[in-house]
Amino acid sequence: MRTTGRPGAGGTHMGRRDFLAMAGLGSASVLVSGCGFGGGGGGAPKGALRAAFGQPVTDLDPYNAATAVDEASLIVKRLVFDTLVRRQGDRLVPGLASGWERTNDTTWVFTLRRGARFHDGTPVTAADVAACLKRTRAVASAQTPLWASVTKAEARDDHTVVFTTDGPLGSLPVNLTLLFVVPAARVADPEQKRRPIGSGPFRVTGFTPSTSVELARFDDYWGGRSDLPGISMPYIAETSSAITALRTGDIDLLWPIPPDQLPEVTGVKGVTVEPVPSWTYYLNWFNCSRAPFTDANVRRAMCQAVNLPQIVDRLFGRGGQQMRAPIPATVAGYAAQEPWTYDPAAAKRLLAAAGLGRGFTTSMMWFDATGPLSRELAEAMISSWADIGVTVRPQSIEKAQWLERLNSLDWDMNLQTNTVTTGDAAFTVGRLYTSKAHRMGYKNPALDQLLARAAAAPSGSERDGLYGEACKIIWSDAVGLFPLTLVTGYGRSSRLTGFTPAPNNQPDLAAVRRR
Amino acid sequence: MTAITVPAEGAAARAKTGGRRVPVRVWVGAGVLALFVLAALVGPLLWPYDPVATHLADRLLAPGGRTATGSIAWLGTDQVGRDLFANLLAGARITLLVAGATVVVGGAVGLVVGLVSGYFGGPLDTVLSRVGDVQLAFPSILLAILLAGVLGPSITNIVITLAITRWVIFARIVRASAMSTRRLEYVDSARVLGCGHLRILVRHVLPSCWQPLLVAATVQVGLVMVAEASLSFLGLGVPVDTASWGATVSIGRDYLGSAWWISTVPAAALALVVTAVGVVGDGFRDLSDPRSQI
Amino acid sequence: MSSTVEEVAGATEATPVARLRGVHIGFGAPGRERPVVRGVELDLVPGRVTALVGESGSGKSLTTLALMGLLPGGARVSAGSVEIDGQDTAGFTDAQWRRLRGPKIAMVFQDPMAALNPSFTVGWQVAETFRRHQGVSHRTARARTIELMRTVGIPDAEHKYHSYPHEFSGGMRQRAMIAMALALEPEVLLADEPTTALDVTVQAQILRLLTTRQAEARMAMLLVSHDLGVVARVAQHVAVMYAGRIVEAGTLDEVYTTPAHPYTRGLLDAMPDPGRPGRLVPIEGQPPAPGHLPAGCAFAPRCRFATEVCRTDDPATLPVPGRGTSTGHVAACHHSARILGTEPEARS
Amino acid sequence: MNTAQASVPEAGTALLRIRGLRAGYATRGRSGFGRRRVDAVAGVDLTVHAGQTLCVVGESGCGKSTLARSVVGLLDPFAGSISFGDVDLSAAGRRERHRVARDLQMVFQDPYTSLNPRMRVADVIAEGWHVHRGVLPAGEHAAEVDRLLSLVELDSSYAGRRLHELSGGQCQRVSIARALALRPKLIVCDEAVSALDVSVRAQVLNLLMDLQQELGVAYLFISHDLDVVRHIADEVAVMYLGTIVEHGTAAQVFQNPRHPYTRALLSAAPSIHDRPGGTNESALTGEVPSPAAPPSGCRFRTRCPIAADVCAADVPELRVRGDADHAAACHFAGENPATGS
Amino acid sequence: MGAFVAKRLGQAVIVAWGALTLVFIIVRVVPGDPAKLILGPDASADQLKHVRSDFGLDHPLWRQYLEHLGGVLHGDLGDSWRLGGSALGDTLERFPATLTLSLVALVLTILLGFPLGMLCARRPGKVLDLLVSTGSLVGQAVPSFWLGIVLILLFARELGWLPATADGSLAGVLLPAFTLALPFIGWLARLVRNGALEEGAKDYVRTARAKGVPEGLVQYVHVGRNIAVPVVTVLGLLMGNFIANAVIIEVVFSWPGIGSLMVDAITNRDYAVVEAAVLTMTVSYIALNLLVDVVYFALDPRLTPENA
C-alpha cells in the first residue's frame, strides 16, 4: 500500500492535524466496530452437560441434504426433534407415535401421541408429519433411497397418519427413526438451519456452525422433563485438546475416543471409558470394473495377503474388531463368514494363476478424516501387499476430491469408513452392492435378485437369512476387503449416570444425569 | 566533509584488522546447518528408510527401545513402527529440498520482478506492485491451501505452492533495493559512461540486491520449512509415501500426550535447522551492514 | 610536557573557564586503547574565540565532545584532565555533567538537520532547555523561546515555534541550534563546524551571529573548523591539530603569517590564493588513519622537511624559537626554526 | 593518447553549446493531482570551448547540478538545446548519444557513491571500453589501466584493489582516470573536489590542471567554492536560482564583479586573509527562494541590496556591459561599476 | 489531501477486487463438486443437477463471475450451502472472535516484546541480548500447531491452570493468543532493540544530552518517539499477520473464528463462505494498512499526504 517518497511538494498547509483526525477516526472505526467477543448467540444454562463428539455440527435443518445422514447433526436432531419411531437397543419403540399397524402390504397407520407440543407451544398434529414426509421426499439427499417407495402420507385426523408405499417396505418403521417432525409451516423455513423448532426434549439456544451447539431443556416435553438443565456440544478438532479437556473435566463426555488414545483416558481418576462395537466399519473396495480387479482371484489374493488379526490387534487394540462379514456383527442381517486366512504364499499362487506372477502396481485412495488410524491402516495393508509383489501407491486426498473420484469409479482401491446408519443390512448391503448402484463396479445379477427379495421381505428371520446370503456372496467374491468394525470408546465423567453407549454413535443424551 | 572521510577511516581500520570477526554463534549455526545437510545427503544411504513399510510389532517404541529384530531405535519408533532416526534422515532430505527449492524458485521470480519493477518504475511497476498488494492482502496460508488443493499432493506442487506465496516478499525486497540503487550516483556514472539498461541492471543494480535478497532468503528458508509443516497439519503436505519433518510432526501430534517423541524429534530438528539458518543469516547481515552490529 | 600553553605565555588576561590538560582520548578497553587524541592542551578564556583547525579525522571533534562529557560509546579520556571552572571533571556523575551542560557550557553541532530531533517541533526542542534547567512552565518556556528565536534572527518566531526541523531551511536550523545553545547564557560555547553544511552567504550570516553573540556575552568560544578562511574571520587564537595532536598553536596572526609547523605551512600553501596563482602546493600523501600512527612524528611521512629524528622521536610542543615566551606561539616540530626561515614554496 | 591528441579540436573552438536550457523536476501539485514542472535551470546559455575550463559557480539550489546532469544526458531538459560538437543532443538518437558519450564524461562530487564500491579499480576504469567496443582491444586493457593510473598519479598496484580500500583522494583520482579512459574532449566536474580535505584537494586540482595541459581536455567545472573556481577557471558563469547572472573571464568576474550577487558571494567567501571584525559586511540577508516559486522580475531582487521597483517588474537581460564578453544580468550593472571585493 | 484519500481508497478497491477475483478463480479451479458434497455419494445425476442449479453452479463461469461481482456490490456474497444463511453474515459473526484473539496476541506481544527490546538495547551483546535474539529465531522455527498442543498439554493437562479449549472466558483466550504471539515477541524485541540502538547513535540524541536532558528522558522521549514510527508500522503488519496466522491456531484451540471457518469451508467447497472470508480478511488487511499509514502520519511529522 505504501508508495515511496517523491520530491516534496512546496507547502504543507493542508491541515495535517485535520487530516490525521479524520483519517484516524475512519480507519479506527473500521477495526473497532468489529471488536467484542461475539459467537452464535446465547449459551447453554448453568449445569449443562458438556459433550464433545468427534465431528462438527454444521446445520440443524432436518431436511438439509448435506446433513441428512451426518452423525454429528443427528445427535443434536434427536434431542431437538421427535421421530414417530425410536430405536432402543435392538428394538423399535414408539416415539411421537404411540403405536402403529401395517394394514396391508403397502399401507401403514400411525397413531400420534396426545399432548405433544412443539417448542413454540403449538401442538404436534398428523398434518405436520405428512408435511415432513412430503418435504423429505422433495429434497434430494442421502436419505432419498429410503423414501423412494413411500408414495404419500395422509393425515386421517389430527392424530392419525397413513403411509402408502408402492410396494412392500418392511423397513418403514426403521426408516421413520430418521424422519424428524417439525411444524408444517416451517418445513422449508431457512430459520430451521440455525434456530430450529422441534418437539424434542431440548430446544436450541445457541448455535455456531462447526463450533458449538447450546441446548436448553424443553420444560413442556411430553416425555417429562430431562434431569439436565441443558446440553452444550462443543466441537474440539484436535485430539490432544479433546483428550485434555476430558481429563481436566472441561467436558463431561467425549466420543469416539480414537483407539490409540484409549490408554490416555483409561485409569484416569474421574473418567470412565466404555467401549461399544459400533455400526461403523472400515471397508476397502476393489474397483471390480478395472483390471486387474476384474478377476475375483486377484481380489481374493489381495485379501489373503493381509494379516488382519495382527493389524487390528496391534493398531486398534480395544478400538476395533476384525470383521467376519461386509457389515458389523451388531447390524440386523449380519451373517458371519469364514475369515480370510493370512497366507501370502497362497496369494502369490493366485496371482501367478491370474498371470500376475511378477506382481503389479495399483493405488489406494482415502481421505484422512474418514476414520481413526486410516492412514496407518492403509500403510499397514500396503506394506503387506508389498510382500506379495503388489505395489500400491497411497493416495491420501481431500474429501471433496475423494467424492469426485468415488462415484466416477476413478480409483483402483478405496479405503473408507461406512456407517450402517439404521443398523439394518438394507441400509448398506441393499443400497451399495446392486448392479444399479454401480458403486465399486461389481455386477452380479444373482445378488441383485437376492437383494430385491430381501428388501421386500418384512423383518424377521427370512429377511435376515436373505441378507446373510448376500453377505456370503459379497464376502467370498471379495468385492472388498473388510478389515474391522470400529469400537466406539465413550469417555465420560464418572459422575454421569443414565448414560447408555450406542452403537450408532448417537447416544441418548437426554437420559443422562449428573450425580 | 566528514561524511566522506569516515568510510575511508572505516576502510583503513577494516583493512588493518583483517576484516570483521565472525561471531562464535554464527559458526555454531553454520556447523549445525552443515551437519544436517550432510545428514540429508548421506543419511538415507546409511540408514535407508522405507516410507511404506510398517512394523506394527514395534510401534510407539520410546527412544532407545529395542525392536523385534533386536536393533535399537535410538529416537524411538512412530505409530506404525518405523524407525524415527531413519525417518528423520529421510525427512531432512525432503524438508531441506522443499525449502531450498522454494526459496530458489520464489527468489528467482521475485528477483526478476523486483529488479524490473524497481529499476524501470513507471506503469509496469504500478501493475506489478498492485499484483503484489493483492497477494499480500490475500492470506498466504489460504492461498497455500487453495493451491495445494488445486495442484494435488506432490513435492513439486508443494514447492510451487510455497514459492507462489513467497515471491512477493522477495520482489518487494529486491524492488526496494533496486530503487535505492537506481538513485545512487554510480548508476548515474555508469549511464554517463554510456552503459545500457541491461549492463546497469546486471553489473551495478543486481550486485547490490544480492545481499538483502540472501538475508531475506535465510529468513524465508526457515519460514518455508514451518509453512510446509503447517500444510501437513491441514492435510495438504507431502504425499503419504514421502517423509518430511513437517509431515511427521503433524502426524505425530496426536501422540504428544503419550508418545511425545514422534512429533517432538522432527519438531526439534526443524527448530534447530531454522534457528541455525537464522543465526547464519543474522551473522551475514551483521557482516555486510556494520551499523546493525553497533 | 611540563608547562601549559598559558604558563608559557605567562600572561593570563583572564582565567580560563575550561581547560584541557594533556588530554588523551582513546577507543578500546582500558590499557589497550587506540589513542585518537594525544596530549591536547587547550584553554578557553572568556571573551576569546579559539579555533581548533584540522582535517577530518584529526581528533578535533572528539576533543570538543570531551569538554561536554559526551564522548561516544567506547571512547574515553585515558589520560590528562578536562577542567571546567577549575574543577577536574574526571569523576563527574551524569547528574553533575547535566548541571553543567546548558548553563555553563553549550554546543552547536555541525549538521543541524541531524542534530535536531525530527519528531518534535523546533520550539519544543529549544524550550526543553528552559524546562529542564529552570523548571519553568510550558508557557514561560515558550515565551522565552520565542524571544530567543527572535534574537537569533528567526523571523516570525511565534509561528516558527510550531514548525518541525524539516520545515526549516539549513540556515534557520542552525539558528535554532544556536538559540538552543545560547538559551541559558553559557560561559563556554563550543561550535563544531557550525557552518560546514551551509552556503557561503548563509555561512557569513551565521558566523556574524555567532561572533556578535560571543562578543556581547563575553563567552569563551571554541570554534572547530577545517576551513582556514572561516577561522581567519572569527578566531583570535588558533590551534592546529594533526593526527590527534595540537601541532601548532598561537594567535591567529602568528600561526597564519609565520607558521612554525610544516603541516600548518602546508595547509596554508594548499589553499588557492588569488595572491599566488599557478599550481597549488599540496601536502603529498594521506593523513594516517586514527589510532594507526607511524613511529616518531605523525606528519613525518608527508613532510618535506623530515629528517631521521622525525621518524624516531615524536617532537615535544615547544615555544616557537625566536619569539620569546610572551606570545604563546608553540609548535611540535623538530625543525620549526628551519621552517620559519624558509620562504613559502614558490608556485610554478 | 597520441591518437586522441589528433582528434582534439583546435583550442578555443566551441565544443559544448547550451541554448535556452530549461530543466528540473516534476512535482505533485498542491492538490495532489497532476504534476507541475519546476525549472531548476530556467533558461541558460553557455558555451564551453575546447581545451578550456568553464566554471559555473553558485550556491546550493541554484541549478548548477541540474545543468551538469542535463549536459551529460542524465536529465531530459524541458526546453532548449544542448549541442556537442556538431551533434544536437536534444535531437540525437540513442546511437548518436552513445557515440557522444565517449567524448563527454563526468566526474561526480563524491567518489565513494559515484563509483560502484563492489568493483575493483581496474574494472572501474576499464568499464567504458566494454561499453564502447572498438575503443581499445581487450588485450590492451591492462596496460592502458596502468597508464591511466600513472596519469592520475596512482601506483599501478592499485589496479587490483577494491574501492573501499582507497581514501577519498585516491578514489577521486580513479574517478578521473575512469573519465579519461574514453579520451573525452570534455569532462563535466560536478563539485569534483568539494568533498576532499584541503591538502588532498590541492593535489586533485593540480592533477586536473596538468591533465588539461597534457591532453587538451575541456572542463565544465561546477563548484560553490570561489577560491577553487578562481584558481582553475578560464571563464566563469555565476548562477543564481536557475539563471546565469554574470559571465566573463575569471579575471573579469573576480576582479570586476558587476552583479550584486557576485559581489555578495565574493565578500561572503571566507579567506585566510580575513581577520575578525574585518569589513566583509555586505553579506546577504535571507536565503535562496524556492525554484518552484521564483520571484517576479529579477530573481535576485528579494535579497538584493540595491533592488528597485524595476527589478520586480522586468527580467534583466544577461548582456555585455563594458568589457568584451563580460556580461551581467542586472538592471544597474551599467551604472553601478564594480568596486572589487 | 482529498486526492490522497481518494487515491488510497482507489488502491484499496483495486486490491479488494483483485483478491476477490483471485479467490473466485482458484476456488472454482480446485477439483471437487459442491453438489456431490451436499448430496453425498448416493446422489443421482438428476439430484446433482437440481442442486447445481439451486446454487447457480450450472451457469458458465463468466456469468457466475459477473453475478458474483454484482452481488458483492450489493453486499451479498451468496448463501452458504453448508451453514445455511448468508455467507457474509456467517463470516462476520465469526470475525470478532478472530479479532479478539489477534488483539490479545498483539497486546501480549507489545507488553512482553517492547520492554524486552529496551532491556536488550541497554546492554547489547550481553547474555540477555543473545538469549532474546536466539529465542526470537527459535520462536519462529517451531510449527505453531505443535507449540499450541504442547502448551495445551503443559498448561491445561499437567498444570491445570488454563482451559484446553475456547470457553469464552478470558483464561480461554490466553493460551491461543500466547501461541499466536510467541514467535513475534522476540521478533518485536529485536526490532525495538535495533531501533533503540540505531536511533541512540544519532546526532539529536547527543544534542539532547548536550542540553542537559536526563538520560531516561533522552531514551523514552527523544529516542522513543522516533522508534515509535517503525514499531507502529510493524505492529500493523503484525496484526494482519495474526489474523492470517490465526487459521491454524483456531483449528488447534477450537476457536470459533474466521480462520477455522475458512478451512472448514474450503474442505467442504463452500464457495460463498470462502469468498466472504477472504474478502473479510482482505478488507481488514487493507483497513489495517490504512490505519498504519494514519498512525505513521501522526508520529512522523516529515510525512505529509503529499509525499507519502
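Chains: A, B, C, D and E, in written order; residue numbering restarts at 1 for each.
Throughout what follows, contacts are C-beta pairs under 8 Å (C-beta built on N, C-alpha and C of every residue); 3 or more make two chains touch, one makes a residue touch a chain.
This is a predicted model, so every value here is computed, not measured.
Q: Which chains, if any, touch subunit B and subunit C both?
A: D, E
Q: With contacts counted as C-beta pairs, which pair of chains has the highest total?
A: Chain pair with the maximum contact count: A-E.
Q: Centre to centre, by mean C-alpha position, how many angstrom separate subunit C and subunit D?
A: Computed value for the inter-centroid distance: 33 Å.
Q: For subunit A and subunit B, what's the span in angstrom between their mean Cα positions?
A: About 42 Å, centre to centre.
Q: Suppose each chain is reduced to the average of its Cα coordinates; what separation in Å results between subunit A and subunit D?
A: For subunit A versus subunit D, the centre distance works out to 85 Å.
Q: Quick check: how many Å separate the C-alpha centres of subunit B and subunit D?
A: Comparing mean C-alpha positions, subunit D is 50 Å from subunit B.
Q: Mark out which residues of subunit A touch at least two other chains, giving numbers and ranges.
A: Residues 1, 3, 6-9, 12, 14, 238, 240, 244, 398, 401 of subunit A touch two or more partner chains.
Q: What positions in subunit D touch 2 or more of the other chains?
A: 28, 30, 167, 197
Q: Would you mind listing the residues of subunit B that make contact with two or more other chains?
A: Answer for subunit B, listing residues that touch two or more other chains: 1, 4-5, 8, 12, 133, 149, 253, 256-257.
Q: Can you check the complex and tell me which residues of subunit C touch subunit E?
A: It comes out as residues 65, 68, 70, 94, 97-103, 106-107, 109, 111, 114-121, 125, 128-129, 132-133, 164, 166, 177, 180-181.
Q: Going by the contact rule set out above, which residues of subunit C touch subunit D in the complex?
A: Within the complex, subunit C touches subunit D at residues 49, 55-56, 169, 171-172, 199-205, 207-208, 211, 226-230, 232-236, 252-253, 256, 266-275, 277, 279-284, 286-287.
Q: With touch defined as at the start, can you tell me which subunit B residues reach subunit E in the complex?
A: 25, 130-131, 133-143, 145-147, 149-150, 222-223, 225-226, 229-230, 233-234, 246, 249-250, 253, 256-257, 263, 267, 270-275, 278-279, 282, 291-292, 294
Q: Which bits of subunit D are touching subunit C when the two form their complex?
A: Going through subunit D, the ones touching subunit C are 59-60, 167, 169-170, 197-203, 205-206, 209, 224, 226-228, 230-231, 254, 264-265, 267-276, 278, 280-281, 283-285, 287-288, 303.
Q: Under the touch definition given earlier, write down the residues of subunit A that touch subunit B in their complex.
A: 1, 3-4, 238-240, 243-244, 258, 260-261, 263-264, 310-311, 314-315, 368-369, 373, 375-376, 378-380, 382-383, 386, 392-398, 401
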